Every structure is written in C-alpha cells, then in structure tokens.
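Here the structure is laid out as structure tokens; the discussion comes afterwards.
Each chain gets a letter, A, B, C, D, E and F, in the order it is written, and its residues are counted from 1.
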Amino acid sequence: MSVKKEEIRENKPLRLVIKIGRHVFPSDLDSKIISVYAELFCKLRAEGHRIVVVTGGGGEARRYISIVRELGGSEFACDLLGIDVSRINAKLLITKLGDEAFPEPPSSLGELRKAFDGGKIIVIGGLQPGQSTNAVAALAAEAIRADLFINTTDVEGVYTANPKVDINAKKLDVIETDELLKQSLMGELHAGSYELFDPIAIKIVERSQIPTRIINGLKPENVIRVVKGEAVGTLVKPS
Amino acid sequence: MSVKKEEIRENKPLRLVIKIGRHVFPSDLDSKIISVYAELFCKLRAEGHRIVVVTGGGGEARRYISIVRELGGSEFACDLLGIDVSRINAKLLITKLGDEAFPEPPSSLGELRKAFDGGKIIVIGGLQPGQSTNAVAALAAEAIRADLFINTTDVEGVYTANPKVDINAKKLDVIETDELLKQSLMGELHAGSYELFDPIAIKIVERSQIPTRIINGLKPENVIRVVKGEAVGTLVKPS
Amino acid sequence: MSVKKEEIRENKPLRLVIKIGRHVFPSDLDSKIISVYAELFCKLRAEGHRIVVVTGGGGEARRYISIVRELGGSEFACDLLGIDVSRINAKLLITKLGDEAFPEPPSSLGELRKAFDGGKIIVIGGLQPGQSTNAVAALAAEAIRADLFINTTDVEGVYTANPKVDINAKKLDVIETDELLKQSLMGELHAGSYELFDPIAIKIVERSQIPTRIINGLKPENVIRVVKGEAVGTLVKPS
Amino acid sequence: MSVKKEEIRENKPLRLVIKIGRHVFPSDLDSKIISVYAELFCKLRAEGHRIVVVTGGGGEARRYISIVRELGGSEFACDLLGIDVSRINAKLLITKLGDEAFPEPPSSLGELRKAFDGGKIIVIGGLQPGQSTNAVAALAAEAIRADLFINTTDVEGVYTANPKVDINAKKLDVIETDELLKQSLMGELHAGSYELFDPIAIKIVERSQIPTRIINGLKPENVIRVVKGEAVGTLVKPS
Amino acid sequence: MSVKKEEIRENKPLRLVIKIGRHVFPSDLDSKIISVYAELFCKLRAEGHRIVVVTGGGGEARRYISIVRELGGSEFACDLLGIDVSRINAKLLITKLGDEAFPEPPSSLGELRKAFDGGKIIVIGGLQPGQSTNAVAALAAEAIRADLFINTTDVEGVYTANPKVDINAKKLDVIETDELLKQSLMGELHAGSYELFDPIAIKIVERSQIPTRIINGLKPENVIRVVKGEAVGTLVKPS
Amino acid sequence: MSVKKEEIRENKPLRLVIKIGRHVFPSDLDSKIISVYAELFCKLRAEGHRIVVVTGGGGEARRYISIVRELGGSEFACDLLGIDVSRINAKLLITKLGDEAFPEPPSSLGELRKAFDGGKIIVIGGLQPGQSTNAVAALAAEAIRADLFINTTDVEGVYTANPKVDINAKKLDVIETDELLKQSLMGELHAGSYELFDPIAIKIVERSQIPTRIINGLKPENVIRVVKGEAVGTLVKPS
C-alpha cells in the first residue's frame, strides 16, 4: 500500500512530519545547519507540502540534564528540562523560518491540530515527561494524518549492528514495526549512537499505518529525496 | 531497598498513587463500587496518607471508541474519546469524595503537582493520546515522588499464564521490571483479560525506582492491606 | 422583516446555528444518524453557508446524570457531567466531519467567535452549569450574528398540546417569543417529550431578533428545506 | 427545613454567597460604601464564615452599555462589556480587602471552586453573556453548597407592588420560588427599581434548595443580621 | 534608511502599529470619535495595510485609578485597573469595527502574533503592570516587524517646550531616540499635557530601528497622511 | 521610614524579593552555587520569611541570544529566548529546593500573587519581551508588597565609577532612586560589569517606596546579613 503512495508522490502535495535532533542541535549550537534546514523546509512548503517539524533536545538537553542530576533532581525533572530545551530548539528554527512558520511551538497536540489548519510550517518540541520527541513526532503524524513521517538520525538508516563499531553491520532497506520494536527493546539493532525510536513511537506508526522512513539527517538533501519518493534510508513498514 | 520501605510503612504517612480501572468503571456504571472506593480513599486520607487516584476509561470508553471507529475516526481520535471518558470517571469519583477531593481532575502533570500541595485527594484521568492511564499513573507517581504505586486489576496479580483459561497459571510474588517489560511485549504473562501495564509505565517505574504492587481491585480491602505493608498481589521490583 | 430574509435566502450564503439533540444522540449511540447529519452539514458548507452546530447531551447525558444523583452529587455536578457528555457528542460529529470541521469543540463563546473566522464547521457542546445547550445555541447565534437559528426536536414543531398523547394537538406555524416564554413556563405548549427551549434561549432570540425555526430533526432533510427558505416546522417570531 | 437552619445559625460557621450591585457600585463610584462592605466581609470572615461575594456591573455598566449601543454593538457585545465592568467592581472590592481576599476574580465557576478551598474571601463578577450576575450568584451558591444566599437590593425585600410609586405596596416576609418566578415574569412583584432576580437564578435556588434572602443593601448591617439568623427582608423559599 | 522607506510607501502595503489614547477615549466617552477612527482603520485595511491598534486607558482609567487610590490600593493595583480600562476601550473600538477586527484584544504579545496572521485588524490594550500602553505599542511594532509606528497625541508632535503654555515652543520635525529619552526623563520636551513616550518604548524603537511618527490624533486624517508618506508631526529617528 | 523598618527587622518575618543573576547562573552552569543559594533560601523560609526569588538569564542566555542574532532574529526574538533561559534557571533552583518551592515558575504576575498565598518559595524568571528580570523583580516586590527587595550583583554595591577598572571608584552606602535613574541612563555609575537596574525597575522602586539593597551576590551570606538588618551593600532610597 505505502509503496503505491510513494509512486504517486511527486504529483501531489503531502502532509509531512519531520523529526530532527542532535545532528541539527549539537551541544555547541551552530546557526548554519539550522539555516540549511530552514531553507529546505521553506522549499518544501513552496512546493505545496504541509509540514510539521519536531525538534529534539539535542546536545544542549544532555548538558542541562546532567546539571539536574547533580542537583538531585528526579527523572521527571530531567524530562521537564529536556522538553524546555527542545522547545528552545524549536524557537531557534522558527526564528530562521520567520513568516513561513507558526510563531510558537504548540504546547499540546490539540493546539498543533488547530495551528496546522493555518497552513504555516509548524515547529514543535517535547510535550510531556515520560515521552520522547520521537513519540511526539509519531503522535503528530497521527494527529494530522500524515502521508509521510521522516525520522532523521546520524547514519544511513537502521542497521543489523552498530555501524560505527562493527564493519559487518548491514543497513536494512525495510524493517517491519514488530521487528523494530523487538530489536530496539533487545538492543540488537542500531541507528546511530543513540536510540532511534521509542516503543510508543513504533506502536503508533504501526497502529495508524504511517509510512515512515529513517534517514541520515547529516545529509539534509535526503529529506528532499524521500519526499520525491526515492528509497533513501530504511523504510519502516507497519506490521 | 523497597522491602525496608515496606517494613516501616505503618509508622509514617505515605504518598500514594492508586490506579483503578474497568473493575470500578464497568460498561454498566455502578455507583456502589465507586462509593466503596471513595470511602476507602477517605479512610486512607484520614490516616494521613496523601493520595493521587488515576482512573482509566473502563467499559464506557470501549463503547465510545467502537462508535469512533464506526465513524471512520483515527486511533488518535479513539484515544481522545478514551481520555474524555476517563476524566468523566474521575469526576464521578470526585462527586462522591466531595470536599475531600480537589474539585476537578488536573489536565496536566504540572497542574497535578500544584494541586497535590493542597493536601486533598487528587483524582486524574488520561492526559494525552498515545499514552495509557497506566502510564499517567506511573508519571504521577514520579511527579509526586510516591512511596508506593498500587495498580489494580481483576485477578490476584501477575501470572505465568492467563489464569482465566489456564489452570496451571501461577501467580508471581515478585517480578522485576525488565522481565515484566519483556514478557508483556511477548504476551506471555497475564494480568487479567486486558494489558496491565504498558511499556512506558514499566520504564518509568524502573527509572525512578518506584515501589509498585499489582493487586486485585475486585477486593478493595486489598488497597488497605498493601498500604499497611502486607505482601498482597505481585511486587514489581525495579531492575 | 424575517419573512423577507427568508424570501431571498436561496441567493446568499447564510450564517447558521443548528441545535441537535437526543434524536441524533440517543442513549444507544448510532453512528448512522451522526453520519447522515455530518453529510448534510458538509453539503450546506459546500453551498457557502457558515455553520455552527450545537450538540446536546442526549440520552447518554441522562444516564450519567442518574449515576451522579446516586452518588449524592449536586445539581451543579449533574450539569457538569451533562456538559462533558455534550462535548463528547460534539467530538463524535467532528470525527465524521474530518477536515471540514474545527478540530475541537470551543470551550467558551469567545473561542467560538475566533474559531468561526476560520471558515470551518464549528461543533460546540455545553459550556456552563445552569445553562442548557439550547441557551448555548441561542448565544452562539447572537455571537456570530446568525441569519437563521434552527432548533431540532422529535415532532413537527411547537404544538398546542402534547402531540404524542392528545390527538387534538395542533401544530403552530408561527409563535411569538413572549407567548413561547409564557407557555413554556406554564407547561401548556409541547415540543416533543422534553422541554424545547429554556427561558434564556427565548429571551436571547427575542432581544437579538434572531430568525428561529423549530423543526423535526428525525427528518434531517428538514434542515436543508429550512435553509432554502421553506416554511417547515414552527417559526419563532421575536416579539 | 431552612427555618431550622436559621435557628442554629449563630453556632456554626456558614458558607455564604452575597450578591451586591448598584447600591454599592453606583454610576459615580464612591470608595466609602465599598470600604464599608469590605469591613463587613472581613468581620464575617473573622467569625469563621466562608464568603463568596458577587458584584454586579452597577451604574458604570449601564454607562458603558449605552456607548456600545451607540456604536451599533449587539446585545452580546453589551453583555461582554457589562461583565468587564462587573469584574472591575470586583477588583475594587478586592483592593480594599487586601490579603483577606483571593487576589483576582475567578473567571469561571471551576476556578471559583478551586479558589474557595484556599479559605480567602472570593470576589467574582459576571462570567458569560446571556447570564446576569444574579444567576452567577445562584450558581456560585450551588457550586460551593452555600448555607445561605443573600441578595441585596435597594428596598426592604420583595413587594406586592413597586414600593416607590405605590403606597399600598406590601413587603412580603416569605415568597416561594415558583411564585417569584411567575410574578417576576409577569412583572407584578417589585424589588426596587430594577429586576431583582432572573429566571435562571430562581430556578437554581429552587432546584438546589438554597436558603435565600433578599434584603436592603443600602443598610449594610442587614447582612450581619441575616447571617445571625434574623428574619430580615424577604425569605425566598424553594418550592 | 527610514526616509527611503517613506518614499516608496504609497506603492506597497505596510505593517502598521497605531497607538491611540485619551483624545479618542476621554473621560466622557464619545461614540463619534471612536467611529471616525474605526472607519479610518477599515479604509487602511481595504488598501491592503495590516494594522495593530493599541488603545490607552484614556480618561476613564484616570477616574478608576483615583478610586483605587482612595481604597488604599498599591500602584500595582492602579496599573491593573488601568489595563482593564484600556482593554474595555479596545473592545469598544472592536465593536464598531465588527467583522474587520479580531474579536478580542489579545492578552499577550504571543497571542498578538498568532492573531496577526489572520489578517484582521487587531486591537490590543495594556498587558502588564509597570508598562504603559506606549511600551505595548512599541513591543507590538517589534513583534510584527512593523514598517511604521504611529503614536498619536493632542498636539502637533514633539515640542521644545509645552506648546500649551509657552508661545515660543517650537515643534520639532525630527528627534533622535537618545535625545527623546534624555529629554523625556529630564522633562524638558513636551508632547501635550501628558507624557508621550516612556523610556522602554523609546529604547525599543531604538533597538529595533522602528520608523516612528508622533502626530496629532485630534486630526484623524493625519494618520492617513502619514501612511501615504507625508512628513506630518515629528519623526522619531532611532539613534 | 525605611530605616525604621530595618531596625525592627530581626523581630518579624519579612516578605522578601531576591534577584539573582549571572553570578549564580554563569555560562558554565555550576550546581554547587545553585545549591548554596537553595540552602540559604530554605533557611530564610524556616525562619518564617516569605520569599520570591527572581532568576535572570545569566550566561546561558547570552549564548543563546548570539545564536538568535546569527539566525537573523529580531530583538524581540532575543528577548523571548532570554526569558526561556531565565525560566530554565528558575527550574534548576526549584529542583534543588524540592518541596520547599512552588513547583513551577509562575508565568505572570497574577499567577505569582496566587502562588504566593500558598506559603512556598516562589521562583520566577522573565515574563515578557522589553522587560528585564530586574523589572520583573521590582514588579514582584510591588505585587506582594515586599518589605525588602534584594538585588545581587558581582561587586559590593553601586560605585561612583567602574570598580573593576578605576581604583578610585567609591562604593556608595546610599543612593536615591532619581540619582540612580539619572546616572544609570548616563552610564556614570557602576554596579559590576553589566547594567544593574533598568529604568522601569528604578521607577517602580520609587513609586512604591520599596526598601531596596544592592549587594554582592558572590558572597551569598550577604543575603542573610541584609535580612537581619545589616547595612550591607548600597541602600537604594526611593526619592
């Protein structure tokens, strides 16, 4: 089913959810990479696509969270700080997008749905403790009935082993959600140096049959290629 | 560690999170069972315990969700309705609790934390699509740094097989969170006719080391017994 | 005055407020009748009309309210539950309307006015204790300066007696608001098995001179006919 | 029943709702009368009573509403301005009450209920178009399960005719709600130069059996007397 | 730089922020002058300009504030009342603007930015104690990246002395922000009988290089002339 | 007047507003200094004082703002980010304070006032663009009618010249607000390497006669000394 969707992709505007994380927001923030992504999103919007971008906390979140831990803060408090930093990242991207973007990151999925009708690019960060921004992205994709959910990482997709340490690691072209769920919980698959997908995100992709691709976000042009229907990265196929 | 906590339990007031679901809110709502639980919570409060009750959607939620499906609604829409019904359940319990309870179910964890300082019983339902009320309960336990998280079901605890169909099913006295997580994903453990715990709830219990017990909610007195330190049901031990 | 308005009706798009209640949301919810109404509203929108739909609590609200009473809840608590159920009904209709509708029932008249400018169908339920959804509908009509307020019931309009028990009951073609107010308070007029209009709703129709028709909602096509200017049901004429 | 309540009144703290209007907030605002009432409320609070004060729009509201009419505003717009002015009146009283009062007028009945638990004097104005501050007061009385609802006017209570023009007008000691409703709609009873009670307020007093007294607010000491159990003004007896 | 902007003004639609105060909202409110300004704003909108109007508290605010002082209220309480009155003034103007205006004054700058995207005239009052409506206007100009900020007063612009008492007072055609800041703090310049600009407003005009003109608001046509690029009043030139 | 207040200070609990900035939140966040201040605030609370702490954006805010500038963001956008970072700083302090603190930084002065009545330590950051956290602190002092406003910097108080570059710089024991205002605008006084006080903050201290001391925050014990009534740092005397 989703293959057909991909074939006709060039001919119609899509509803897109794109998750970006640490490779755009490293611990030493760099305005250049943010600007590259901003231009890319504007280009997609100019082509008629409707876009929700979800920003992770990135490297800064880690730094703040380590301070929270030093202060004796709970995991809940760590999550709250991580959400704040992801929202700051969202605002940095909004700053560059200017009038192309909804002026604030929505603070709930309900707000997201209302903002989405306005036609601007929506940039949203984390929402609630106990929930990664990957889960927010999957929920956003469900909420707007996205045609395509693109999740970026810092390698080419999902691998059979950690590609950074194992030269025999093989990139997968397709993986089913139940396999991805099992393996991610067992820690046998790899998608860069941090966890790619949390169980909730996978479950949501599965239950709502959301066409999903995991790609290398260090090559921003990959986003354009996927939107055009190219088989970049790893296709996550709902079971 | 948590064992020690249990030993000294009778001597100090506890911060409690108690999750109640379909056995209190079946599809044909029954005011009697709600009243029984209300009295039980008032009694615990009178003993000095501070209480957050989390209500599931129960049987009514299922009924509404089937209508949403008939109307072509998304899973997201189903979740939204389920949340609404769980909040109605919360309000029914609040009605019986009267002045003992905070007058409304909080609509976020932040609101919960502020309400908790007022000293009344807080009753809260679902919060967000993609998140079960079990996850809300675990997050609430984390947010208020609960001493004990009690999750009720309709059998005696966690079993090695479905106790309703397999006479050899054995109730476990203790289960570690990583085992619970693995088995719940594989579907080999049973805690009544519906899923007891979602992966997020388990992960949160684990990461915040929350002492947790799964008990039979059809016997409300079990709640009192657990609070007193009795080894009722199944202890979930953070790995 | 309002007669003239009716004559030219086919030629211009109208601002419509349509109240639907128990006949669309009976105690055993039926997705079919909801779907019929959803299609009807989409058709009206496609013709250029701007629409606010107000949903009552229907049969489910009564069921919940009886539980609240059993729990010793106040009338205030009953109203709160009735409002919650009316909002659930609104969401069911929104589910079927999909992208044609504003994604959530507004929670205040101020929010309604802002949402109305977006051009989608707005579905709203109850707002506040002490106020029926008929009053909400009249206020909504006032807030958006509606050209026509359609209130549906389960008989053909306003009768001189209860048409279900008195075979001599005569349907009225026109009734003035002051007569409707007096009679509804004395209980001498009938509009189906439950009260059609509360005093506040009548007062608002009167003070803002809102053209109003009471029709049989069991025949959904009546809504179309009234919008086209046919003299269906009973015209409520502001005194 | 309510008579018994009055007998034991001196011995227990009461939950009070007191409505004040144009006689405290005339078109030329006078800080003295506001101060007199503020002291009176502080005194009642010091005696242990819990108090909600509802402020009407008074004379200033009328002035603003006439401007709205000149600007071609709807009745809805008039009501919105009236609410704003009643809230300003509430803030003036709060200013004088200082730390004895909740710092802001609640903007909904839900907020009122939460604020009430804090134990301070709550001052609230209007809430929604189509609803007088008398209705707000009755709803507030219902929401907090008031023991006594005191509504002040500028004559001694409810009369058989307008006491300002008819020397034969007789003050009633007791009136039942259904009689008050009927007569107020027919315009045969009088309680000063403006309408005392709207139909919704009367209905709420009736349905929740709220002990209610209408007294002369030009004599502030009347409030104290009623709280002590004296039979001042007119008792409104729920039918 | 800003001069060039002025030259090409007639050929493109502008983003305008216009501050109006006591001359439109004197202590005895007059619907005529409000109507004149409403028509003027509609005309500008019809020409394609996008407009934010900021309303001061005017004469009514002063009256209310004197009551707050009599009641022993703090300066903070005075500011709160002033804000309320400025918002009422905003609503009066919105009433006349009808469908041309966003239906409510935004209550924060974030809300203003979201409302601005809808294309209607936005009318906003005060926001926070310690901040004049002149500062709100400057911040609004910054928030929407205004092309022109027009501040109206009751004389022809900024003078070297009080033009109402000193016949040698000379109107300035241009003043730089640092000079305006210095002089306004020293009290040597005059712009009518009340302070024209607060330090924060001036600082914001300076830091964001907002082209700003101070004109005589008693001649509403001045607004049109400035928008067309005429050198009316005093140009405030960011240093 | 304020001198007398200081004399009797040891004998009564005070309402305190304490502003902390870059010396507690440098660009490389250090949990130790945050912890020192947290303990200090807990100690003051244990002595009965009621405390509002206002956190500046500190060094991190500067870092973020430079990124906003690189992205072409407006001054308004810079301020928004600065506010976010100041709120994160507030949350870090709240994390350490645990149950002693209100669980979130209030997002408005109205919320602050309501939270203050709960008796916990309130930690608040920035509120609105165009307003420094020094202004927030002064407004908070006004809102809660503070007995003492302590503003910390990184030198001993206000100097006649920059003490870091001019060895003849003399610390002032007392300075009047009008002098402070004039000099701060002219840049002749010094209070460390960044501006101590903005004009709005000074104006508010003056208009509400708030006893204010500027002290060296690098020596946290100074806070205790000032609260005890010692003449540490520079007294700002309202003119």
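What we mean here is this: a contact is a pair of C-beta atoms (placed from the backbone, for glycine too) under 8 Å apart; a residue touches a chain by one contact, two chains touch by 3 or more.
What you see is a predicted model; the values in this text were computed from it and never measured.
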item: Chains contacting each of subunit B and subunit F, listed by label; value: A, D
item: Intersection of the contact lists for subunit B and subunit E; value: A, C, D, F
item: A-F or C-E - the one linked by more C-beta pairs in contact; value: A-F
item: Interface numbering overlap (same over half, different under half) for subunit B and subunit C; value: same
item: Length of the line joining the C-alpha centres of subunit D and subunit E, rounded to whole Å; value: 39
item: Geometric centre distance via CA averages, subunit D-subunit A, whole Å; value: 56
item: CA centroid of subunit C to CA centroid of subunit D, Å; value: 31
item: Distance between chain centroids, defined by C-alpha means - subunit A, subunit E (Å); value: 43
item: Residue list for subunit B, restricted to those that touch at least two other chains; value: none
item: Pairwise chain contacts, counting only pairs that touch as defined; value: A-B, A-C, A-E, A-F, B-C, B-D, B-F, C-D, C-E, D-E, D-F, E-F
item: Subunit C contact footprint on subunit E (complex, rising order); value: 102-104, 118, 120
item: Subunit F partner contacts - residues on subunit E that touch it in the complex; value: 74-76, 108-109, 127-131, 135, 138-139, 142-143, 145, 181-182, 185, 199-200, 203-204, 207-208
item: Footprint of subunit D on subunit E - complex, ascending; value: 29, 31, 34-35, 63-64, 67-68, 70-73, 77, 80-81, 84-85, 87-88, 91-92, 95-96, 98
item: Residue ranges of subunit D touching subunit B (in the complex, touch as defined); value: 110, 113-114, 117
